[in-house]
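What follows is a short report on a single structure.
Just so it is clear, A, B and C label the chains in written order, and each chain counts residues from 1 on its own.
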Amino acid sequence: MAKLLLTSMGPSFSSDTNQATSGYSKIYPAFQDVNVMVIFGFGFLLAYLKRYGFSSIGFNILAAVLGVQWTVLLERFLFPDEKEKHLPSILTASMSVVAVLISAGAVLGKANPFQLICMAMVETTAFCASRWTNVYILEIEEHVSLMHVHIFGTFFGLMVSWWLTQPSLRRETGKEDSDVTSDLFSMLGTLFLWMFWPSFNSVLVDGVVEKRNAIHNTYYAIAVSAVIAFALSALTNKNGKLQMTHIHGATLAGGVALGFSAHIIQSPWIAMVLGFLAGVMAVLGPYFVKMCLNSAVKMYDTCGIHCMFGMPGLLGAIAYVILFVIYNWNNLPARGYPALIEVGSLSITILVAVIAGFITGILLKLNICKAPPVSKYFDDQVYWEFPHLAVGF
Amino acid sequence: MAKLLLTSMGPSFSSDTNQATSGYSKIYPAFQDVNVMVIFGFGFLLAYLKRYGFSSIGFNILAAVLGVQWTVLLERFLFPDEKEKHLPSILTASMSVVAVLISAGAVLGKANPFQLICMAMVETTAFCASRWTNVYILEIEEHVSLMHVHIFGTFFGLMVSWWLTQPSLRRETGKEDSDVTSDLFSMLGTLFLWMFWPSFNSVLVDGVVEKRNAIHNTYYAIAVSAVIAFALSALTNKNGKLQMTHIHGATLAGGVALGFSAHIIQSPWIAMVLGFLAGVMAVLGPYFVKMCLNSAVKMYDTCGIHCMFGMPGLLGAIAYVILFVIYNWNNLPARGYPALIEVGSLSITILVAVIAGFITGILLKLNICKAPPVSKYFDDQVYWEFPHLAVGF
Amino acid sequence: MAKLLLTSMGPSFSSDTNQATSGYSKIYPAFQDVNVMVIFGFGFLLAYLKRYGFSSIGFNILAAVLGVQWTVLLERFLFPDEKEKHLPSILTASMSVVAVLISAGAVLGKANPFQLICMAMVETTAFCASRWTNVYILEIEEHVSLMHVHIFGTFFGLMVSWWLTQPSLRRETGKEDSDVTSDLFSMLGTLFLWMFWPSFNSVLVDGVVEKRNAIHNTYYAIAVSAVIAFALSALTNKNGKLQMTHIHGATLAGGVALGFSAHIIQSPWIAMVLGFLAGVMAVLGPYFVKMCLNSAVKMYDTCGIHCMFGMPGLLGAIAYVILFVIYNWNNLPARGYPALIEVGSLSITILVAVIAGFITGILLKLNICKAPPVSKYFDDQVYWEFPHLAVGF
């Protein structure tokens, strides 16, 4: 691999122009925000299982760094001139790898590290391929193509999770519960994701006004979805009590929903309505999923990524198409074409995600992966050496 | 509200100049630092109560995002041309909302979320009104007007806390204690506040030299107050042991004290003396408060905000006036006028804070707010659904 | 001290040029990353001892802020013109103080705060002196001179630790173990160190291309060393289980190894090979150290800094010399001189570290320091007042 990297990455280091690098130093702080989200935010977000904290955080960084390295290598081949022109590959690779981290949420506690690594490799490859199609064939902007990451990660993760779901899996064991400390660690991750989501939605946007709009609109959307999370969490509970899982999920849904359109929305209230809808989906969604989908499809999604990332992502994609049509209403025949393209690009992304996820699911069920038995699910002790067994283990 | 926002915020998005937005991209990293302080720092700072961690962190983000949205809306009306000229409103709103977060420290564990939301609404409105008076009538700089936020939050919070203090409230219950994990989470918040305080004191300062001085002076002051916190904590304990609450409070006091004058101080040693005095106040203050004030005034301030933010803030305001007089000594008759103005502005801030806090306190005691009984104070279980009851609950 | 600061720091505030300060505003975000590493990252990295969390974090910030203030003062005298020209002293002081924080890892749990303060004072002085020799006599670049900090901190810490190691110190007490929560807090610190290491290695590098290379190469190296940490941790355990301490140490080793040469490496694969070697050292090193060194030299290094910072640092220094020779192969007689100089500078650093550490060790054994008895090692209760004793204490 090192040799490949030599030939593939080497040249780019010398062909720099001052322009590109000064642009890079400008976005370095925003890159660090994205880096914090990828390495720290998602890891701690998933650390809410009381007996699976080490694995949630540890396997997150393992999958993230492997995925980033692999994606950098792939992007070198797939997007040769893009890189030269404007973007540092580690940034786009870090954003691509979010798909893996979302999928990891769906199989949280059910896959061993080897399975996660396989998944990370296949998923980043599939996402790069899907992104290549979007950027080169459909001529979608690079920023927009990367915002498909939430939808891709969700559908891929759900397919994999469908294969890994065992009929014997029951919640009774109590291993899948959170405790107070693990919920606080998870809150820690949630807050860092929340705070830096405006960076995620704006870092690749060109143009100062667009970038500012992307930051502002994302902030308004996540602010509204945080409020909605609290309101609906209390309203849907029979004692009027709040549930931590609602807060974790719904505060972030607004940021996901704004991914596509944050930079083109002209008034904050549109962003706020999107944030509101995303928050509603993230809190009410799990009830419907539990009632209908789980029993029908026998799919078991540990972390609830379907309602946290998938549905808000779809909402955002649809809103992007609608807003695009509205903003270009007067000139629709001439300028409406990109809306159609976006619909096509969305379909391709979902298609690639479902197919790749399905195949990956089969792969992970192979004997070679040594999938852990159900009795070993959600348990750090299977993978980690404990110096002495702590209270509660 | 959305409609209001449309008309009130909408236009500003189109009337951008490149100048303003490029300025914005420069301060975006510092805005993120302030954002981390508001959303993460204050939430975890207050998470030291062993049975109130969820509420401390959860209600903090709820109050913060509601306050920011409300303030953005208010500022649009109150400061119409200020916004156009130089400042993104989310930044000033985030700084204004610190008043709410400080007040929330005074009523920590004693107010339900509905009361906190009411308080956030009234307090941000009152602070905006006070700031409007300072900026438009007294013609104080915007940066300095925002630095009144610590003083405003303290006096407002103390008045509210005075109304919510029940005669039956006793410490014996033990609910108000911290445990090791909650103290570490609190330390986490403290450190993030500490690290980013230079950003808070410098983000709105114009001029590169002034900004650099603000960053340096704030760093020196918080460095000294951190050292003093350790020294005095050991000296005031009969066994020479350190107390975590001292460290939490006193490390931050230096930053508060430097708010007003960080950008005009010419020598680091002045900053260090201010940091020293603020640290001393924050450690020794609670002893005097406990002896005199608590018994006399029957005011109960959970988190000790009086000594952590109020007194250092007052010290900073006085130091600002004194330094201003010293630096303009030769030309005092002609240029001394602003010092008087600052005294007036401080008085107005305190006056508005006390009156608004008093009225808010009465509001929160109304039956409509369903204030929790004393037996439910400091307890997460009143507001949060626990999947299963953890050990210790 | 305040008076000294007045005369020593005061003048620099007025002699600013716009150039210098605009440069400063550019590196402020990277400074904040370094600040987070120093104040937060190292503190929480060391918080893995289950009964020593308060002290690890608290004494870390105490030693850090004292060290920074003292170093700023020293640098004012030792590097008078350097400061004027390009660098803000707080940044270089924060980077210098990393030596103290590394040494503190070696004596973690065995030294009281007074001993740590003494150590911080002596160590920053010695490091400044060593750096002065390197910069002024050997004419090493300032950036490279600061990268000796890991090696200096390790050798200094090992010497001090050698003096403080008691023959009666045994691991049986169990006090030195970690528990689940403390390991997660430690992971928190590790991740923040990991994420911001590219900033540490690049902040002082001049030139946009060099800076970008430094960021990229460091990222690749820590990515590889994180993967190696997981792989080797599983391979070296008889049950194939992972060990948290390996993950903590080895993920960071890559960043240390890249310190010297990150900005001159031309191909990512060289950075990755260095990251690989550093990761291997950090995981396998402790086994050899335990077998040979500990029994022979009777040196006891609590946190394993020797393999986490020392050996990867040496590897980095050697790699720097080799790379320098290779890149200048064609013109070696004329341009090879700096390689020799670097070898000399490395020797001086180690020499100063060992001598100063030896003397400091003797100092800390003096009665005046009131060194805690072995029975009080690794215990927060010796230094901290607990409101009530928590479960497990």
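Operating definition for what follows: a residue touches a chain if its C-beta (ideal position, glycine included) is under 8 Å from a C-beta of that chain, and two chains touch if they have at least 3 such contacts.
Here's who's who by UniProt: A, B, C = RH-like protein isoform X1.
What you see is a predicted model; the values in this text were computed from it and never measured.
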Same or different contact residues where chain C meets its copy chain B, judged by the half mark: different
Superposing rotation of chain A relative to chain B, computed on C-alpha atoms, to nearest 5°: 120
Distance between chain centroids, defined by C-alpha means - chain B, chain C (Å): 34
Multi-partner residues of chain A (each touching 2 or more other chains): 29, 181, 188, 391-392
Residue numbers on chain B that touch chain A, as the complex places them: 2-3, 5-6, 9-10, 13-14, 16, 18, 21-22, 24-25, 28-29, 32, 35-36, 39-40, 43-44, 47, 53-54, 57-58, 61-62, 65-66, 68-69, 88, 90, 113, 181, 185, 188, 380, 383-388, 390-393
Contact set on chain B toward chain C in their complex: 26, 29-30, 33, 174, 177-181, 183-184, 187-188, 191-192, 194-196, 199, 208-209, 211-213, 215-216, 219-220, 222-224, 226-227, 230, 234, 237, 239, 241-244, 247, 251, 266-269, 272-273, 391-392
